[in-house]
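The following pair of complexes shares a single chain, subunit A, combined with subunit B in the former and subunit C in the latter.
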Partner chain A sequence: MTTLARAPELPTVPPRTTLTKPRRDWNGWKFVWPFALVFVLTFITPLAYALWLSLFQNKMVGGNQFVGLDNYVFALQDPQFWEGFGRVLLFLVVQVPIMLGLALLAALAIDSARLYATGFYRIVIFLPYAVPAVVAVLMWGFMYGDNFGLAAGINEWLGSEVIRPFAPSWVLISIGNIVTWQFVGYNMVIFYSALKTIPTDLYEAAEIDGARGWQVIRAIKLPGIRGAIVVATIFSIIGSFQLFNEPSVLQPLASNVITGSFTPNMYAYSLSFAGQQYNYSATVAIVMGVITAVIAYVVQLRGSRKEVR
Partner chain B sequence: MTTKHRTINPRARRAGSRSRARRRNPLLAPRKSLALTIVTATFLVYALLPIAWLLINATKTQPDLLSTFGLSFGSSFALGDNIAATLAYDDGIFLRWLGNTLLYVLAGAGGATLLATLGGYGLAKYRFPGRGAYFAVVLGAIAVPGTALAVPTFLLFSQLGLTNTPWAIIIPSLVSPFGLYLIWAYTVESVPTEVLEAARLDGAGELRTFFSISIRLLTPGIVTVALFAIVATWNNYFLPLIMLSDPQWYPLTIGLNQWNAQAQGVGAEPIFNLVITGSLLTIVPIVAIFLFMQRFWQSGLGAGSVKQ
Partner chain C sequence: MKRSTSTILTKAIAALAAAVLSAATLTACGGSSAPGGGGGTGAGATGSAADLDAALQKGGELTYWTWTPTGQAQADAFMKQHPKVRVKVVNAGTGGDHYTKLQNAVKAGAGAPDVAQVEYYALQQFAISDALLDLKQYGLGGLKDLYTPSTWEAVNVGDGLYGLPQDSGPMIMAYNKEVFDENGIDVPATWEEYIAAAKKIHEADPKAYITNDAGDPGFINPLIWQAGGRPYQVDGTNVRIDLQDEGTKKWAGMWNRLLQPGLLSDIPSWSDDWYKALNNGDIATLITGAWIPGILESSVEQGKGKWRIAPVPSYDGSPDTSENGGSSQAVLKQSKNPALAAAFLRWLNSSDESIGVFMEGGGFPSTVKQLNSAEFLGETPEYFGGQKINEVMVKASQHVTSGWRYLPFQVYANSAFADTAGQSYIKRGDLNAGLQAWQAQLVTYGNQQGFTVNK
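Coming up: the complex of A and B.
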């Protein structure tokens, strides 16, 4: 009956039978050292290196010089950086709620047990997640295109240029559609998995109380998956701020609209690989990383606070 | 949050009571709705539209691509010719890219799954010096945008002489903080400490206990992590884009994008039919793996998504 001694939050501690203080147990390191080793090499070291780089400037005269926080001061006043930042922020505010809303609707529909062929729905809606971003963008890019795309076909049929996916005012919507297509199913699965873990007793109580339809969704299902919604929101925020693949692959098709500083990540990339400005590129990456981490943290705090209430 | 965890733990028993309840509670076993099925089918159309477009257009010749409507077939059925041309183009570079992709997936995703499993398990079942800091740093890393690290990683690797080699793709793929987190959550839920205690009393070493007992209990979690790692490495774009300049080491994603870029600019030599057929050939294996493994990831993902 050692199970009784196991506190729910501390299932990690092996029950100790002796009263003396246990000796330090290094056994865990047998398991965690390989991950730690690669983690240090691919996370900690590059991060430290980026911080180091961001404090220097490669000048025409004098070579590599320590400049303190000059790069950061410059980044905070850099219109190209802020323009890209504003773009991903707009993208985040519009695309993420639409995508998560659709994912939630799909998850609720599948969880309602009122669909025919539920399993088929679940798999097919999740399927786009398995398609590589490059292929997804190529497919949509072709479909958007005015050469042999669907957009061209529809415009021809309508007799006017109604759909112009690569026009300046359209291109963010076009990218948003591709991202939504790729990730609705992924978020749907996160929500659906959480819905399945809601205790049945709650539904039984609701049935006795005579709750129906939307009442059950509002009173039981949505509060029950709040944790999953917070997690999905955080991942989507991180994804939006990192936006790179979709605009980068679309760039050849809309080169006059999608510039090298279209998103902060593309900016950091072009600074490095087109401009050789490694120090400033590292600075932009760090500023963006800090902003992302802070916003993710705030969402996490808000999410858990509401959960307590 | 703690109260929520407690209610989640007895998974098996609850599933049983739910299926019993489904029979009598109209909230759990409602009548099927044709209307809802049809409305929800909008999602199916949306998800399948580009894939249908790809399938249809992979059967067209390049002139047909340019002259016929996107969602109708062309005047000839050239799928076989297109596949043969894709595989033969540029001395069969497509097959080389496929081989590279397989190498990156096997080594990268395989290694990532192994490291995440060992690490998540170690964190869940052992108290060791430095555990708190370890956990905090790895969880913090989930929020660090991966691409923020890409440029410094590239500079670091180029100083080590690793760029333009497979190591530049494999080594960064080995670390999956989210995978470690999923295994941690799954271990807490499904590997009872008493079982490990019993094995220890029998004199089994820690690693032997893990490989003979725990790993079986963790299988659904491991498959889930493997699936996400496979998708992530198969679909990887940013990392190989910055690390590789030699087409001999390209994975499929970079190669396809390069083919597509041939259509632009001066002296353009568009091979749209090859890009489309190549895209189709790229998604077929990953979709097959996905469908094959789908019955496993269901249970594995549940653990991670509810425990934040």
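Coming up: the complex of A and C.
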């Protein structure tokens, strides 16, 4: 298609098809269709189906009926949903900066070339990410156990019930600890590989100008990996809003504290699997998906705007 | 720098897509919703007793979903007798997982088994959603006298018979005699004595408790039942929920005296910690169903010789008790061969041979004849120090009070317990407040689902 646009630059040869409209070129689709097919099947269809479901109500008595936006009106006023949302928001605001801060620190430390055995540290910090999430949470669950677990042991040693990982005021911290443990290494690898792409002549120039230590980090390294930081932040925001594995696996150990509506995703799960409320569950999932998309988009916009400047 | 911005943008969009996608797939596995609550393809709405024998003669294939340990052995014995019938036994999960799969198959209109295990508390829910076949049309109503009254009551919903009882779980008390002896405690006959024993045990060893309760609705309903509470009244789609009726309040008042001073361990039942605490004597009693001996024997090995069975403590010295758990088997409307399925079910839960296999595996039956057989009553298992435990438990099965109903959405109700009543447990607050919160949630849900609740 681009060749047609260049026609005015070739005045010597009169255009052959000046009068007929350019024909639609379907060649592109021949290459795209395998992707398009999978995309429609796995992405568009479930989304459309969820949207469709969210417009109905299927009752145990009375059957299925179209209710328009009733489910959405209910979701927007549903205290259980907003309580769960508030919880993941709090989690996001506290846990994500800590996790990314630690990851950044680790990446800068390894990149500083002042450590011995950096390869070893890199592997060790990354290793938790290689443990399947469910296994990791089960493991932490054993340690958190305040009857027979590590927490019980420490409490006994201290002679008082100081550590109570499943108490209502502790449980979010306990979950945050697991998530941080799991994902610091992952984010560190993102940051570290971004640091490696910074051209070395910048460092040489900085050295000649007499910059050292913090100045290099602030003036070269951090701006250089800003893109990676924005991406990691967006991933982390999405991960926080979708918090499910950790509380879900810990739930049998603290069912009164980690309720069925502890996070929005858990709420959607228990709505459909315990309450048979598939329609409302779809609504909750869509509302949460839209909120996540908007917040992630805003973060992304802010991140890239600063970068252009 | 510009270029990296655009790759970030693509990555961000991809991440967003992933976020929305996973939200969508989460809801998409719900299954389609057939209008009218989902009946099956196999109509099978008519039939008679003669059809069952004819179906057995003709033969065919059946699928049976169960988590009963002897399920396969029973099916094998059946196929030996009826070589033309093939029964495929599937373990689709225990309790909640099983019901989720069953409910999804019912909604989808395909994929459900012919015969399925359904606990008494869940039977009404499946009956009312039109998933189960009324067995009266095959004359199975005539089997009534084989079963204990309470289990028979549990499989009758409205005018229909929706299952045949497999086992029963009259509520009894299992206790660790060693712990009792160490503390000089007699077996409590009343709840008053039970509370006194609870104090004594916990004072002697702060890590030891008389029992555990982390807030388990499957445990609390039978306790309310025993206290005379009848919080759920069901008449078709009219439902009354009153978790503040006299009996319920009586139980809550008594249990408050254990919960509020911290005399109950908060270890959740069936957790690893729970088994550890049972093994080392940190939990001294279990108020539970008559199916507990097999579990103690297999999973609480260190308790061998220490545990005993006693009647559940009472409020006024009467032997009244309730049913804690227990299952029935039911025929699904989706079955393509309902007569054969009903014939298998009839054999499974009423023939001496099948019940014999079931009891060999440690099951506690629901049939009067087997419960009262001299052999069963005379058993003296070593684990329980040679005590004739079945005598105690069979006696309990004769004192199960009548008139109890579960909600037609009890599976949901149980799942909503932790979110509401469970909060009383965390705060060690008044259970009545928690029960009221639970009730409010159940009323809202029931009305949303088209029932007429408390109106």
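What we mean here is this: the second predicted complex is superposed on the first by the 270 of 309 C-alpha atoms of A that agree within 3 Å, B and C clash if a C-alpha of one lies under 4 Å from a C-alpha of the other, contacts with A are read in each partner's own complex, and residues count from 1 in each chain.
By definition in this document, a contact is a pair of C-beta atoms (placed from the backbone, for glycine too) under 8 Å apart; a residue touches a chain by one contact, two chains touch by 3 or more.
Bear in mind the structure is a predicted one, so any value in this text is a computation, not a measurement.
Shared-chain residue A:V298: touches no atom of subunit B or subunit C. In the superposition on chain A, A:L90 makes contact with neither subunit B nor subunit C. Of the two partner chains, subunit C is the only one touched by A:N64; subunit B is not. By the touch criterion stated above, A:T259 is placed in contact with subunit C alone, subunit B being left untouched. In the superposed model, A:V231 makes contact with both subunit B and subunit C.
Of the two partner chains, subunit C is the only one that A:G275 touches; subunit B does not reach it. Between subunit B and subunit C, B touches the greater number of residues of subunit A. In the superposed model, A:P46 lies in contact with both subunit B and subunit C. Once chain A of one complex is fitted onto chain A of the other, the partner contacts of A:M288 extend to both subunit B and subunit C. Looking at the shared chain after the overlay, A:F56 reaches subunit C, while subunit B stays out of its contact range. The residues of subunit A shared by its contacts with subunit B and with subunit C are 42-43, 46-47, 49-50, 53, 142, 147-148, 227, 230-231, 234, 238, 241-242, 252, 255, 265, 268-269, 272-273, 278, 281-282, 285-286, 288-289, 292-293, 296-297, 300, 303-304, 307.
On the side of subunit A, the complex with subunit B involves touching residues 2-3, 6, 8-9, 11-15, 24-32, 34-36, 38-39, 41-47, 49-50, 53, 102, 106, 109-110, 112-117, 121, 123-136, 138-140, 142-143, 147-150, 153, 181, 184-185, 189-190, 193-194, 196-197, 199-200, 203-204, 206-207, 211-212, 216, 225, 227-228, 230-231, 234, 238, 241-242, 244-245, 248-249, 252, 255, 265, 268-269, 272-273, 278, 281-282, 285-286, 288-289, 292-293, 296-297, 300, 303-304, 307. Remark: subunit A residues 42-43, 46-47, 49-50, 53, 56-64, 80, 142, 145, 147-148, 168, 227, 230-231, 234-235, 238, 241-242, 252-253, 255-257, 259-261, 265, 268-270, 272-279, 281-282, 285-286, 288-290, 292-293, 296-297, 300, 303-304, 307-308 touch subunit C in the complex. Put simply, subunit C touches subunit A in their complex at residues 1-2, 4-5, 7-9, 11-12, 15-31, 33-37, 96, 100, 103, 107, 128-129, 214-215, 237, 265, 267-268, 271-273, 276-277, 408-409, 411-412, 415-416, 418-419, 422-423, 425-426, 445, 448-451. Taken together, the subunit B residues at the contact with subunit A in this complex read 1-2, 4-9, 11, 14, 17-18, 21-22, 25-34, 36-37, 39-40, 43-44, 46-48, 50-51, 53-54, 57, 65-71, 114-116, 118-119, 121-129, 131, 134, 137-138, 140-141, 143-156, 171-172, 174-175, 177, 180, 188, 192-194, 196-197, 206-207, 210, 231, 234-235, 237-238, 241-242, 252-254, 256-257, 260-261, 263-264, 272, 275-276, 279, 282-283, 286-287, 289-291, 294, 298, 301-302, 305-308.
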